[in-house]
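Okay, so subunit A shows up in both of these, paired with subunit B first and subunit C after.
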Partner chain A sequence: MPNLTRRRLLGAAGGGALGIAAGGGFALGRTTDDEAVAATTFPFYGERQAGITTPSQDRLAFGALDLTLTSAADLRDLLRTWTTAAERMTRGVPAGDPGNEPLAPPEDTGEALDLHAARLTITIGFGPGVFERDGEDRFGLASRRPQALRELPALPGEDLEAERSGGDLCVQACADDPQVAFHAVRNLTRLARGAATLRWTQLGFGRTSSVTSSQETMRNLQGFKDGTKNLKGDDDDAMRKHVIVGAGEPQRWMHGGSYMVTRRIRMLIEAWDRTTLDDQELTIGRRKLSGSPLTGTKEHDALDFKARGADGKPAMPLNAHVRLAAPETNGGVAILRRGYSYTDGIDAASGQLDAGLFFIAFQRDPRQFIELQRRLGATDALNEYIRHTGSAVFAVPPGAVRGGYVGDGLLRA
Partner chain B sequence: MPNLTRRRLLGAAGGGALGIAAGGGFALGRTTDDEAVAATTFPFYGERQAGITTPSQDRLAFGALDLTLTSAADLRDLLRTWTTAAERMTRGVPAGDPGNEPLAPPEDTGEALDLHAARLTITIGFGPGVFERDGEDRFGLASRRPQALRELPALPGEDLEAERSGGDLCVQACADDPQVAFHAVRNLTRLARGAATLRWTQLGFGRTSSVTSSQETMRNLQGFKDGTKNLKGDDDDAMRKHVIVGAGEPQRWMHGGSYMVTRRIRMLIEAWDRTTLDDQELTIGRRKLSGSPLTGTKEHDALDFKARGADGKPAMPLNAHVRLAAPETNGGVAILRRGYSYTDGIDAASGQLDAGLFFIAFQRDPRQFIELQRRLGATDALNEYIRHTGSAVFAVPPGAVRGGYVGDGLLRA
Partner chain C sequence: MLPTFVIGLREGVEASLIVGIVAAFLSQQGNRNALRAMWAGVALAVALCVGVALVLEAVNQDLPQRQQERLETVVAFAAVGMVTFMIVWMRRHAANLAGELQQTAAHALASGSMWALVGMAFFAVLREGLETAVFLLAAFQASSDPASAGLGATLGVVVAVIIGYGIYRGGIKLNLARFFKFTSAVLVLVAAGLVASALHTAHEGAWLTSGQAQAIDLSWLVVPGTVSSSLLTGILGLQPQPVVAEVVGWLLYAVPMLTFVLWPRRTSLSRSAGRAIKGGVAATLLVALALGLAACGDDDTSASSGGDARTIKLTLSDQGCAPSEKSIPAGAVTFVVENSGSAKVTEGEILDAKGVIIGERENIAPGLSADFSLNMKAGDYTVQCPNADTERFAFKVTGAGGTETDPKLATATAIWKQFVDENAAELLKRTKAFTAAVKAGDVAKARDQFATTRLYYERIEPVAESFGDLDPSIDARVNDVASGDTWTGFHRIERALFVKNSTAGMAKYADKLLADVTKLHDEIPELGYQAPQLANGAVELLNEVAKSKITGEEDRYSHTDLSDFQGNLDGAKTAFEALKPVLVDRKKQKLATTISARFAAVEKTLATYRRSDEPSGWASYKELTKADRRTLTQAIDALAEPLSTVASQVST
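So, the complex of A and B:
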């Protein structure tokens, strides 16, 4: 079955369903993605893991897991199993046999059987706990720990919930169809039974940051275009300088990898929605409709930190978000963002919407994020309207080659 | 601005963004919906509210609100405001002015400004509390209460959470883009400030039941095709018989309306995933891959309740889900389902995924649902793998005509 797509599989097994499915589109009322785009796949194998510099897809399912296995050999087995299943799913093929064996549980849970690959990427990372937990070298891997991989220090502006933070492993599944993304996290979790348990998950329904230079800037739940000045995944120089771990790293298994920081940033939406347009724009430092900086007229105009208004004050306030976040004011620190909007119902304590931005950033050292957040958390005008409620950091190893598995550089005996 | 679409608005205000946006599709990495389909709108005004018999869109945002206003006149004002904003949003136009007045809060929150209409429908309903709460006639509307609208009785197989149940008003927003659906619920909630507060919300990421005869049957999170035998919204006879309130209803304002029942049905996914294919198929009464009944070979084959297997037992077990749910075994009771898959992270008590089906059904009397659920809740083999954790019932009035508002039949002085 390895060469059948899910669509073809359905046709073969489903008694004529292919004919219906191939019609696609509006008349059938099924998912309206353009067929050619929806069937597009990003290769799983490669120098880098997909899902870092890959154009950001529209939807996210993210899972963080805690390891219950007890040896490096078991971790190796899990990563081999995950690699095989993940590579299949990114081709639009079930994780395993979805049901030819009546007396066994199906090897794929089935909810994505009729769906396209939808540009699925699956990105796997290692939390600090893989190398040490409470001073214990759980799997004999402490000597292979990269210096840069440590739990993040306490940072200003955070109000973290343990049950939304941390984790030994992460699975970031991005796709244009949320059911395809969820299916990936669910099946990898299922395959980890006895080896790891889910610690937290997060769905993202709308991508914010664009990741390549051809992607349009999307709006976040504050209604502003988000990520205009994001690094671009197709800018190789910037990736080598800021995002991809280079030859200077003593832990060779991380060469070509990156570090992922996730922050669940709740937006206090009701308060924001009662704020005047002027205040919103002064807080962000950009115009809401056009996305232009306050010192310009078009979205991609450069930020002018010296410009002054008619009143003599800086046209871009000193505490405006984009001013404080800009590399020009931060000693050149830059990160590659890959964020998604989320909403998780009502916050029980406040009775208000629990919604905001699930921030994901890749950098060659988590200290890039830490520096930035120390500054933003202390003085950003935006802090009045946001709370960081979840946090995690992962070492994302380079991609696997065919025949290898994700993390084989770390676990090679 | 009323005649500008959000796309045109962006072009007008955004300094050339229109040129980029019009390209659409993969190269830009933006939402990949086919442009023509994504720009499709369903009319808000009409004999019935849209979102009942309308082809089911791919994504759901649902909000239930509690009224804090204190008079029928205030409720009338709220519904007028909602009607104006909802009609605009379903055309792909902002709820109000998103930002030409610097010293006022924007009249639209902005996150859908660049997005298509995406076939958005907004459906509004009244919970029992509009007519009575704790024996009190809160708004002088008790005499207009339809007999059929009562809180649902306790039903077998439920483990309801108050904070996921009930509500005085509901807003069902269905669209092919989740950000468009969320935007609708958020903006109607914002416009209700001082009149109503959110009680609970639910996102659905994958439609299950097809609602018209041309829609393909989708899979739920158990991996089975769900809703093959659903009533069809384009079958007028069936709608009149089972779904749309007719002239027999003494409350004339409900003529052409319907009753909505929502049930948040958690699936015990980890247990299901460990079950054999055989057990899964005997539980549902259908084959997993093809969707055919156990007594047939193709998805739409009729159920045969008399067929016996080689062992002499019924080929379709007596407690199989589709057997117990079929009108043929239920005195003809039928409902129109419009369900969505959901996942809301990890259930704190069990440490397992909180995922399943957000069930929405329309019927001309909630007793249709009650009868069905009494039977299913008592003996359905599926009960081992599901829990009903949320529940609500709403009277959904007929559609508004231009110049009127949703619920004007009820609130006319």
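So, the complex of A and C:
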């Protein structure tokens, strides 16, 4: 076995979460397990792009790019290049030659050279601008635009910053090692030089969602377990019903794909931190320590919307976050959340922490999110403590097969 | 574009002639079913041909480089064979082509077999289509610009269909004999070019190693990058510096075939002459084959005697095959390729600077080793082991044996040297005027001349930076120096001119600046340059822009940053333009085109800030918003990225 570097140990500590969830977390033999986890790879090629229904990793690096190229053929070239490089990186292999040509800049930037693949997934999506921008059909692809892919309408509770919103392409890189994730976004951005420019990026330092049934629910920056009732990526029926685009979609290239909505949700941390425990729990609708609903005793107890407290009022307040977000109160609408906690230092204007949740959701149709957010944004008790500062929507095509490239269905001549 | 146009036109005319005649018969008969079946047959044939082309192309894409070169060789020879057959067949039948076809059709009708007609159309299109597919594929592989090649082929077919339709309607009375004779002559030249390029790929595919000495230097005629060179290489397959094997192959094919095609019909060739021509064609192919076979048995390029042969070990593993030494002196060397236990990496190769495999051992099972020897000249080589995580490793041979200098590299560095020397002279001239104005206390005049003097410095900045002490004393900003006392140069005077609006106390700085620039000017002509330096210098110039011009910190008092920006860009572009013929020569046309387009994009963005009423000729940098600066940075980044790969392409 190779010597453990400090970095590997750090990365492995992060990757430990999976070991704990899977095996109960024996301290003995941890290192070996973690090495195995760190060396685990998710195949890049497949029916679906990895990074949607696959277990969520600990770290996120996200990049949204604006296209500067001018033809569908150039876009095809870019996606071919990206597919080759992304597939290599998800195997833990450098994106290109890491340095054997003294007179040329190394093709791979090198910061992930001694690191494992760390379960890296790279998920690529198309923003509405690929099909049309300001009424202009930029690449002759307007006729291939799926009905569902539109810029999100203005939603209640948002205060969006243009420079943290939108984008023609997205790269979602998730890994158990932050440097591996960052390396992926950096190298793909570099390969896109002259074809696309970065519009915004977001680092996420901790996963807040469990995506498969074996994953433990994580806590968000408000200290609450987030996403207990999240859809599970390994529940195929639920995925087909709520997340993966089915054969009913007239744009065949999206079959097996999904729609990604991202929201940069800043938490007004200082205000939250001086809120009493009672108020925090009534706002969320769950107990802080156990994660159980206010109407139950254990984390996974079902929500009881009819229960009343001793005072005769609903035990779960009508404006509690989990109540408003639950499919039961939304006509069955559900989405797959895959978000990460973020911090971007301090807000220069106020000196307060700029931190919160970088919300990522996958769904069959962005209107699922819109419907939920219309309701939440208008009445959620949580609104007092959060502000949506960034927003984007992307059509995530199905996975590529070996020899093909991501988005080849869309760009096939 | 022209070669593919001719192919498309030629094959298209044959096919559409037959289809047109069959269609005419069938519609006269009023037999709609058969007519529909015929069109279906034609469509099916076209689809089959496209399918075959796609399969061939796809197979080609997936192969490792050497096998790809070999497949291209086979395809090219097949194409040559087909086109030769076609030319010979056409020569026999050109005069009465339409008549013959009509007779066949009538015969088919008379025998009551509509399906014979349908089949005739189907097979006509299929045969012409397959020929076109194979031939076009070869032409595409030889072409540097597939888009225009594709356009040419399409146009050719379209024109052919129009001609075919015209013949069918009796509207166009084409002298078919003359038409086919003319296109035959063009096709012979195209095919001869293919023979040459097939011999070239055969060499790169390691099938052919003999006859690789340079035969003649045509670089005076075929100047890379010019339109005439595209025509000459594109149609005649002429390379600027063809090797012996290519010239011999070209002549052996072209001379007998041209004679055959252009020989007047009436004084028909004697039997023996015809046999001689056939013999010539056969001999060409035989020679090529023999060369190829010889090459196969000649993998061991044995080491020449003299000097101790050194041994370099290439250890194959899943990760790679790093050579045991990265650099050796020129001379005999033995490479020992040893497989340390990798199942997927079983091959080690040495490639020269042009990417040609000059030695290799393959199919080395885990635990085994094999060796080969080479006599190596100085230069840059690559050690390659397909399928490894890292496939390529640099390998250098230095010293005696002498570096082969590409004359185009010498031209490039000479262009750059002249540019630097001229700009240094202009800089000195303008600095004299500028410092005189400062010393005379003429603030307005000095301010006006500030940017236009600096422009010439910015153009050659990387060269100035190579004199360690001169650049800081000419161009330092206040925050670059340890204390205010040691701050000299342009920017010291800039602050006085633009902030204090005065020249008070500046006389000594003016003297110092002029002394430094004079020294720079006097030392610059002593410098020599190497091509990679030019390329790296170009990137450094763009980094200057991205680092200090974009932020506006360079000319923070005068806000004339855009003028400096232009200077850096001028220098970078001159260096690149000087190297461009070398890139084109080394088949990096696409890279050169990309870089040119991105220079144009930067220039276009920059041009929006030109202000003829400003003394510097440019808008004040304060005018640019954050978004403007971001756009400029991104355009520079887009340009500098491909530019940074040029140096490795122009070394030796």
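The working rule: the second predicted complex is superposed on the first by the 380 of 413 C-alpha atoms of A that agree within 3 Å, B and C clash if a C-alpha of one lies under 4 Å from a C-alpha of the other, contacts with A are read in each partner's own complex, and residues count from 1 in each chain.
By definition in this document, contacts are C-beta pairs under 8 Å (C-beta built on N, C-alpha and C of every residue); 3 or more make two chains touch, one makes a residue touch a chain.
As the structure is a prediction and not an experimental result, all values here were calculated from the model.
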item	value
A:T68 touches, of subunit B and subunit C: first, second, both or neither?	second
First (subunit B), second (subunit C), both or neither touched by A:R190	both
Touched subunit A residues, subunit B compared with subunit C	B
First, second, both or neither for A:G223, with subunit B first and subunit C second	first
First (subunit B), second (subunit C), both or neither touched by A:Q202	first
Partner chain(s) touched by A:G129 [first = subunit B, second = subunit C, both, neither]	neither
Touching partner for A:V93 - first (subunit B), second (subunit C), both, neither	second
Which of subunit B and subunit C A:D273 touches, first, second, both or neither	first
Contacts of A:E101 with subunit B and subunit C, given as first, second, both or neither	both
Which superposed partner A:G409 touches (first subunit B, second subunit C, both, neither)	neither
Common interface positions of subunit A, toward subunit B and toward subunit C	98, 101-105, 190, 193, 197
Touching residues (chain side subunit C, partner subunit A) in the complex	62, 380, 389-394, 532, 594, 598, 634, 637-639, 641-642, 644-645, 647-648, 651
Sites on subunit B touched by subunit A in the complex	9-10, 13-17, 20-21, 25-34, 36-38, 40, 55-59, 61, 98-99, 101-106, 108-114, 119, 163, 176, 178-179, 182, 186, 189-190, 193, 197-203, 205-206, 210-212, 214-216, 218-224, 269-270, 273-278, 280-281, 288-292, 297-299, 341, 343-346, 348, 351-353, 355
Residue ranges of subunit A touching subunit C (in the complex, touch as defined)	68, 93-94, 97-98, 100-105, 190, 193-195, 197, 403
